[in-house]
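You will see chain A twice below: alongside chain B first, and alongside chain C after that.
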Partner chain A sequence: MDEIRDLFGREIRVINVGLESFALVLESLGVPVIHVQWVPPAGGDPARARLLALLDDEDGA
Partner chain B sequence: MIARTLIKPSFYQDSVALMGVARELRGGAGIQEAAALMGTPANRELMEQAGLLTAEAAAAGPNDLVIVVRADSEAAAAAALARAESLLTERRRRVEAAGRRLPRTLDSARRQLDGANLALISVPGPFAAAEARKALARGLHVMLFSDNVALEDEVALKRLAVERGLLLMGPDCGTAYLNGVPLGFANAVPRGRVGIVAASGTGLQQVVSLLAAGGEGVSQAIGVGGRDMSESVGAAMTLAALDALGGDPDTALVVVVGKPPAPAVRGRVEARLRALGKPAVVAMLGRAVSPGRDGLLHTVTSLEDAAAAALAVLAGREYRARAFADPDDAGRRIGERQRALAAGQTSVRGLFAGGTLAYEALLILEPLLGAVGGNLSRSAASPHRIVDLGEDEFTRGRAHPMLDATLRAEEIARAGKETAVAVLLVDVVLGHGAASDPAGDIAPALEAARAHARANGRGLAVVASVVGTAGDPQGLGRQVARLESAGAWVLPSNAQAARAAAAIAGGAGVTQKLLGGESR
Partner chain C sequence: MSIREANERALVRLTSAQPVLVDCRPAREALGLDERTVLHSGPPLLWGQACPTVQAAILCAIRYEGWAADDDAARRLVERGRVTLGPCHHAGAVGPMTGIITASMPVFVVENRPGGNRAHATVNEGLGKVLRFGANDASVIARLDWLAREAGPLLGAALRSSGGLDLRALMAQALRMGDEMHQRNIAASALLARALMPHLARVAADTGAVARVADFMAGNDQFFLNLAMAAAKAAADPCLEIAGSTMVATMARNGTDFGIRVAGLGERWFTAPVNTPEGLYFPGFTAADANPDMGDSAIVETVGLGAFAMAASPAVVRFVGAGGLRDAVRVTEEMAEITLGEHPHFRIPTLDERGTPVGIDIRKVVETGITPLINTGIAGRAPGTGQIGAGVVRAPLACFEQALAAAAAGRVAT
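Up next, the complex of A and B:
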């Protein structure tokens, strides 16, 4: 669990995926945060999104 | 009466943002009802039930934003839809004004934020596991706020996290603190010496708020999700978190909050607690738990006792559980409320926003009052009911009661009309992420319920507790004052509020049991 203990000693830097309000709170507290403009993959079809996720299709945009 | 629709094709907005839009529209002149939802099948079904599924809404797809208003007139409907357009544009402009181009993927986010080390994921459940897997694969710790994540996904994600030595907090992890950073629904608390492993968000909030009231803070608080100590998950994250806190020099004492572990994992969790080499306070709330001490391990039966025991151990004092912080004052107030009741008023009705707070109240009421009904127990025939309004049955298509008090206000009004109800027991949860004035959201309903009872010759007691701190955005003092102005008796903890409710409704026998050993 060295990675976890290592985290305890570092500045927390957050990637927020989902509710924007969480990113706004962190920002207001001065916590480094970036909000991802997330859109449901596969046109919002969970079953197709699951298949896509197996490819881990980060497009690097 | 007319219904009008605005469709924004391929325009995704999160549920909290849309709740804000819908609320704003409902407040408009001539508007009877408004919905702002993504056009998923489940949401379309909800609109149908509400009589808001127009032909356009029925044809929308899951990534289309659907806004429907039911209005008195064409003009009112048009004004509301125009207002919706401008609210959505305002949101977009605010984001752009901050000078940011928001990344669309995790990889581009990582390029924009050097040294990112945590992904906070709160997308809808069916999509959440895939996002968490991507984050873990990139070496990020994960807080998975989303609920409705399949158990097999949780098992697989935690296996991956453990392999990589990473945190996977959740799913359904409402609250965590890492290095003083509050994540999710979290109260403003100082940093301190207490490290916490929590399977419950509101349970964690109650403990850290009470620690803060006692002048103590949090080193790290790791949420593990409600199913972590099940046989399938095998306490994977609990064990990892205990190891990490055991080796953390800033953590002097560990608190564990949750429900009792499954029999198959109990041995492993207990062994790890004993191997910590630090004092530990275990608040695993359940019916068969008895308090006690075994070496460095303290077992308690309420969230309040978890905080009180931690404070006592850190101060080198012996800890003794108390029914009320101020027994004399409690005895006086209980008596006043009992005398105001009419014949036949003997029931407690608990209406909760916090799931673990509801469960804790149930566990406190049962031994004092007998069986308690509601959606957390199977005792349907009981006069007493504890209802967790955050359960799925109440939150489909609407926000959690910590954000939206509409449903709870309706339940308060209904309970106030029931002649057998003697006590309304409520919780109010503050902190980052919660509603901006949660006490104010239910206070008018509480006042109205009490006035209705009074007009019908009954005295209705309202007993409450507020989970929060002076540093919270809503302000603990202001929220308590608002509830008191609505006639509520506000106690320092949920456990004390539950005991007060039991005493008022249960009469002299229960009161004696709670106060007998303490009042002078």
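Up next, the complex of A and C:
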């Protein structure tokens, strides 16, 4: 708890991943935010994600 | 071979192609095209499923060849199976919009020097009322007659005299001059004319014929489009035999379906209903008049041109309905999300000489949900109208999902 209290006692810098609306709210409050555009693979569809996993050999597997 | 290795091989093969324009000959000679066959754009198409604009173009081509005197007689020939329909891609050719090719039409011959394979495309007819946009009146047939009788033979003789024109170098230069080579081909057409005219003048016995061909080329800013398409097909076709690759080697539309072929999955088409373009319309036309998307011209996006090179072509951005250069850069950057690399020869000055994004990976399309964007002309929905505008259209995601499932099934089987 002390660590969290310390965190909010300092200047907050945020990396926001995914929903941009979270970043926009912080920005409107003057908080520095780096927004990372991210969506779940294949829109979160489990069947297509499984197909993608079958075809993932970027490590050379 | 891993998918990564297969894709590296496919990308190198695609981008190291060296297409050379070597000839222009009647399709019956260059393609070995049978009489009573009409080639069309896109994946295979049944007559009953063709949109009215494509049907009108097919019937017009039959009249042009003299196989029937009017549309009713032409329709009976098709319905009774006495005229065969087939995709240009299956005959070694590509055609813009309706993509119609018949035996008498002259086709350019493009040879990929490293592989020796050839691809072909018709001579671009110009703008407005032309067969490729589904126009079908007497002026359309008169122009086709002239192309076959005078322009085609003269262009062929000039090209044979030239020993071949290096299209890759010409296209790389045109990209630097503001063409993306789908909706803007002004620079490429001018460069081609500059290279071709001396040979035309040397081989022609009739100065009047040279003047007519020169007038025709000078009056058509899109003259080079068909050559960009043939060059792209010559580059992409050799990739269709690379087992394991998930790179797209063909994208094409027929006014009904959008189809893709994938390097590691051979000649098989993966199709879905085609979308209708969005863009700008000529005066008097609206989106309600637009025909669904069609043409083999998406082969230029397949090799990293067209919308993929939008950042190289600020002049085309407004024409296809986008806002400005910032939007153009955004489009090219978005296409980089779904491609395997950058083109080593097609470079964009406005992006600090980065290559155009090239080599669409079906995995990246499905993973991101970002579908290829295509710059395109818009044909009228009513048969005989011709071109009514230009814009952009997205490839349907379903094609890529089907191809992904097929690639995964192949992976499991091995």
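Definition applied: the second predicted complex is superposed on the first by the 32 of 61 C-alpha atoms of A that agree within 3 Å, B and C clash if a C-alpha of one lies under 4 Å from a C-alpha of the other, contacts with A are read in each partner's own complex, and residues count from 1 in each chain.
Methods note: a contact is a pair of C-beta atoms (placed from the backbone, for glycine too) under 8 Å apart; a residue touches a chain by one contact, two chains touch by 3 or more.
In this text the structure is predicted, and so the values were computed from the model without any measurement.
Comparing chain C and chain B on the residues of chain A they touch gives the larger count to B.
Shared-chain residue A:Arg5: touches chain B; no touch with chain C.
Of the two partner chains, chain C is the only one touched by A:Arg48; chain B is not.
Of the two partner chains, both chain B and chain C are touched by A:Val39. Chain A residues in contact with chain B (one complex) as well as with chain C (other complex) are 39, 41, 43, 52, 56, 58, 60-61. Residues of chain B touching chain A in their complex: 10, 12, 14-17, 38, 40, 61-63, 102-110, 112-124, 126-127, 129-131, 133-135, 137, 140-141, 145-146, 164-167, 178-179, 181-184, 219-220, 240-241, 243-244, 247-248, 250, 432-433. Taken together, the chain A residues at the contact with chain B in this complex read 1-5, 7-8, 10-22, 25-26, 29, 31-41, 43-46, 49-50, 52-53, 56, 58-61. Contact residues of chain C toward chain A in the complex are 2-5, 246, 363, 366-369, 401, 404-405, 407-408, 411-412. Of all residues in chain A, those touching chain C in their complex are 39, 41-43, 48, 51-52, 54-58, 60-61.
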